[in-house]
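Take a look at this one; I'll ask things after.
Chain naming follows the written order as A, B, C, D, E and F, and within any one chain the residues start at number 1.
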Amino acid sequence: LNVKIFYLGTKTENLTPFVESSTVIEGEPFDNRIPHLEYEFYEHIAQHSIIEKIVEAEKEGYDAAVIGCFYDPALHVARELVDMPVIGVCEASFNIAAMISAGNFSVLIGRRKWLPKMVGNAKKYGFESRIASWRILNLTVPMMRDRKITSQAILRETNAAIVEDLAESVVIGCTGMIGGIPILDPVLCGIKVAEMRAVLWRKYNISHSKIGGYESPPLNEFKSIFEKIYSKTST
Amino acid sequence: LNVKIFYLGTKTENLTPFVESSTVIEGEPFDNRIPHLEYEFYEHIAQHSIIEKIVEAEKEGYDAAVIGCFYDPALHVARELVDMPVIGVCEASFNIAAMISAGNFSVLIGRRKWLPKMVGNAKKYGFESRIASWRILNLTVPMMRDRKITSQAILRETNAAIVEDLAESVVIGCTGMIGGIPILDPVLCGIKVAEMRAVLWRKYNISHSKIGGYESPPLNEFKSIFEKIYSKTST
Amino acid sequence: LNVKIFYLGTKTENLTPFVESSTVIEGEPFDNRIPHLEYEFYEHIAQHSIIEKIVEAEKEGYDAAVIGCFYDPALHVARELVDMPVIGVCEASFNIAAMISAGNFSVLIGRRKWLPKMVGNAKKYGFESRIASWRILNLTVPMMRDRKITSQAILRETNAAIVEDLAESVVIGCTGMIGGIPILDPVLCGIKVAEMRAVLWRKYNISHSKIGGYESPPLNEFKSIFEKIYSKTST
Amino acid sequence: LNVKIFYLGTKTENLTPFVESSTVIEGEPFDNRIPHLEYEFYEHIAQHSIIEKIVEAEKEGYDAAVIGCFYDPALHVARELVDMPVIGVCEASFNIAAMISAGNFSVLIGRRKWLPKMVGNAKKYGFESRIASWRILNLTVPMMRDRKITSQAILRETNAAIVEDLAESVVIGCTGMIGGIPILDPVLCGIKVAEMRAVLWRKYNISHSKIGGYESPPLNEFKSIFEKIYSKTST
Amino acid sequence: LNVKIFYLGTKTENLTPFVESSTVIEGEPFDNRIPHLEYEFYEHIAQHSIIEKIVEAEKEGYDAAVIGCFYDPALHVARELVDMPVIGVCEASFNIAAMISAGNFSVLIGRRKWLPKMVGNAKKYGFESRIASWRILNLTVPMMRDRKITSQAILRETNAAIVEDLAESVVIGCTGMIGGIPILDPVLCGIKVAEMRAVLWRKYNISHSKIGGYESPPLNEFKSIFEKIYSKTST
Amino acid sequence: LNVKIFYLGTKTENLTPFVESSTVIEGEPFDNRIPHLEYEFYEHIAQHSIIEKIVEAEKEGYDAAVIGCFYDPALHVARELVDMPVIGVCEASFNIAAMISAGNFSVLIGRRKWLPKMVGNAKKYGFESRIASWRILNLTVPMMRDRKITSQAILRETNAAIVEDLAESVVIGCTGMIGGIPILDPVLCGIKVAEMRAVLWRKYNISHSKIGGYESPPLNEFKSIFEKIYSKTST
């Protein structure tokens, strides 16, 4: 099946290496008014545009959407509003890391500020018992632009995760097996899961459940509120 | 200590019975554009105004804020932005229910739609092992305006929680002890905890930790973003 | 509401700074025959007098009782025998620490001897998933009388808890925010919760549940046994 | 090895069928001033005499002690004071039930009043994830003297545990396999474990750890307090 | 990427509807000497041939293997011996069910005999906190050949899972969304995950970790033992 | 009762010191074609002979069997096929370690390769919440034949477990109390539990449950498969 993926993220150029030749991928940034999503307030602002863009993407015929931030912002609210599969890169990475490890996996994150929210997500997803450790790189999002410092920190903490925390794989922004250790890039994981989910939806009619937590609001009510909020009444 | 509480909720009239004579309480609605907060999209919209109002409340000298919706919407983002104690009525109710029960407590909720989000919160707060059961009233927020039907549903499910699920107390919109069973009103719990937390803050300098998850964004960066988002540049 | 708190503890002088001006507090020691409660046998002896004193305190019209030892000795048996709220300082501290931390909190204790009992309590209360670490000061109760050594140990271990265990707050015998980290004194937490619980009881009729674990023995049976045990038949 | 077991319980006659021919067993009641141990206050009183009797039993050369009440009263404080193995019948039963079940086991108890304390113990022992259900017989200790009513209740609830809760074995006051279902008598379990533990102690020098929670108080301090409490100074 | 999947299962005809047009799939039965894998002894026998066949499949250039039995037999030992991704249909189904449910999912199984082993797997994979219920169809593998009886049982228990256990999706041998409820076929899930994993391996060099639990035996030692066991020395 | 124990292990000479004088013990090796059981593939081979030997042992009138490898290989399948108690040394050691520790216990293992499987077992048995730490000796099974190196590693890691991980007892191949710390030999634990279980079976008719996970295959079906697999049709 040829599928069309909608990708939201901070870096949206150069996504082609992540997709199959039968996949088309389009990328868009979150919201230009915020420098990053490190604070929950900034994340809240990003959510506002993520919601709008994913609702539009479904209308435009996309087969799946990927939210390219490790907080998985707006993941549940987006699923509430659309039938199209919506993938969070954190959730996707945890699923793959869990499947490739006999034991547990570690997660490297930039700052301890991010920890409680991500731990909350891990608990919701059910993976808390599979996480060997959370390791803090002590790098802000802007600092991570320095590739050398970032690589060194990743290497150092990956090593520590493997040796001290007995992790068998590590989730962070790299790809491939280094010395037998799989280091997982959430963007790759998210997109690979999105391709699979797109097929499950279009060919087998399986997407996220609409019984329970992802139940949509009544269409009429929703439509008028959505238009008011996103000021589309004039169109 | 005389304290001043800021209360956000759907019903904001008639809060006086919930406070001590030394407490002043002011109430405000969430956002008039949404009929209720049942869907996560509506909650997202409410969050937008909750954030703004709580930031303003701190500036106006309030001693604590209460978010009067059982989803505890915007609880963490609000705490990120202010030093003033911010109370979620769900979190407050769970703390009190846990303290008054030797065994476990049950939670009555309107619809199963609400369940996953609330279970996620219970896991984050740490109370999952104390919850005897979640019982669904099968009532939407609008249907709950019919007090008779609501009372009957609450009575029926409270009874079932006590007898079948061995709950020792129940969290829901009532107050008092009925037949020895404490039935807890989240609004009362939230306000009582807010009064205590206001004193802890003003008199003992204890509020939520700023190390970690509630770390604020850098003031300058935050200020300009906040003003842009809430269109206050002109003021 | 003006409330009257009964406080049981090793240090009972100088409790006034912990209470509101509308609160009267009376303190009493546990049992003079034991030097401290570090061993479970000593705790058992203390329990004997705690039970008696709390039953008496309720008769004398107190509005709440606080048991000022971090083992929360006799907490459940006291609640079984009275309707008046009974507060354990450990349970109260854990509730407050959980509410002020986005992530987890640490607990500093004197000796590893105390650990299993306290861990058992944390499991019962439901907070095990919120505890970042237990850190041992390696100080006995008598050694803690040396304030300088104790302060140094607290500072060292608080720091380690924050940096190594990623705790966001710490429970131990201090009060206030040091460098943004809330360090919680169980005595303050216990008394603040007691004031809140006293109001919930007297004004809203909410105390611990009498369905289940805190069910009282039949009054007649209890009365004669109580009198025999505490040799009050003559009075 | 010939071993000598000290048994504390409400029924102490007729223990011979539970022991090996190489075992001597002596039974003693808890405390004559209390009718049963159903309330924590009564249990507290029983603890007082259990502590004394187990300390004496060790001096008299017993090889192990069994506390014959499903609350496992005074188990930890007794272990703190002696080196001799001390067995709680609940803990012993849970260990055996866990070993004979591929899946989980159920526990039948008399009244819901007992539940929170026993659940607390199950959590401490680590068996919470192995318990299929707690089922309430709705029988007080005195009511259980009616053997017919008790048998019927046990049969009914055992059946329900097997069929509805998918239990593979059941812990309660019976012995043997009924229709392939092992129904475990805590007294038998406690005594069998005590015989094993007596051998482990006397022949292999293994008893409960004295590092940590079971550390004894300093001998001198303890001795004088023990004598004062149990009024033995004159002897 | 064109990929080649090796599928082991009881039904191996008619797998084409489950794969993409770019995928080749070959199926083989487990072991003809056993009628099914319901008993662990039969499973043990099947494991013997699964191990051999997967080792051969890797040599023959397959890109991934799927073990088509819900016990995930020989999953870990196969991963130990090969680099090629090996997928268990239970593990794959749980990952997908977790990703499409905001709340929890249920699992329908044939007989309670299977329960403990599957619960053990769920704990190992980390999904125990996401399982709403295990429901027993009371059908043996041979009985399941009667499609009508099986469909009725699945429908009845799916309904019960949704209504009584609040499941949001269900794992069992069907495919598609019935009334908004996704019912997942483990064979489909296994194959879809295998396609994704094949690409991750061949294109991004990511397969299961060889650090830790999936470490292979030393090649020389392994080779001679493997040949002895599978009597290949003569070839 | 005089009992007869069947012991399967790598070292089977010199088992007499582990048994009571009323016990007869016979030992047999696992399978001579494998050097050890460190890899799951080798374990799979060993399982094949363990199954056969335990089925035979029951026929020969043994009262219990002990599987002397810390993976507890074939434990569940053996229990499925026989009524005689079958003891895994890991499960037995965890039960005893749990009973002798007020807090938690540590487990020393040879290599991290073993960890995920053993953690999986600990979760199945229910003891995960009682394990203070798993410590890796970094010794293969062959390396452990050097007694001096092994002793040093055990001492070093035992010490670290006690001091750093706050373990109160340790499971590993030693026996006795060293400086008050019980260090448990799984072989001793397994045999002691086997003696107890043999008595429970022969005298009280209690063995593992045949309801659920340990249900046996239908005798006729099983018999012919067993004979075919173990090539006994000719006998």
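We take it that a contact is a pair of C-beta atoms (placed from the backbone, for glycine too) under 8 Å apart; a residue touches a chain by one contact, two chains touch by 3 or more.
Values in this document were obtained by computation on a predicted structure and should not be read as measured data.
The contact pattern of A-F recurs in B-D, the pair among B-D, A-B or B-C where over half of the contact pairs coincide by residue number.
Judged by contacting C-beta pairs, the busier of the interfaces A-B and A-E is A-E. Separating the CA-averaged centres of chain A and chain D is a span of 52 Å.
Inter-chain centre distance (chain A to chain C, centres taken as mean C-alpha positions): 44 Å. Per-chain Cα centroids separate chain D from chain F by 26 Å. Multi-chain contact residues of chain B, defined as those touching 2 or more other chains: 76, 101-103, 112, 115-117, 123, 166, 168, 211-213. Listing the residues of chain A that touch chain C in their complex gives 112, 115-117, 119, 134, 136.
Interface residues of chain E, counted against chain F in their complex, comprise 33-35, 38-45, 47-48, 51, 74, 76-77, 80-81, 112-113, 115-117, 120, 123-124, 211-213, 215-217, 221-222, 225-226, 228-229. On the side of chain B, the complex with chain D involves touching residues 101-103, 166, 168. Those residues of chain E that touch chain A in the complex are listed here as 1, 20-22, 76, 79, 87, 91-92, 95-96, 98-103, 123, 125-130, 162, 166, 168-169, 175-177, 180-182, 184, 188, 192-193, 195-197, 199-200, 204-214.
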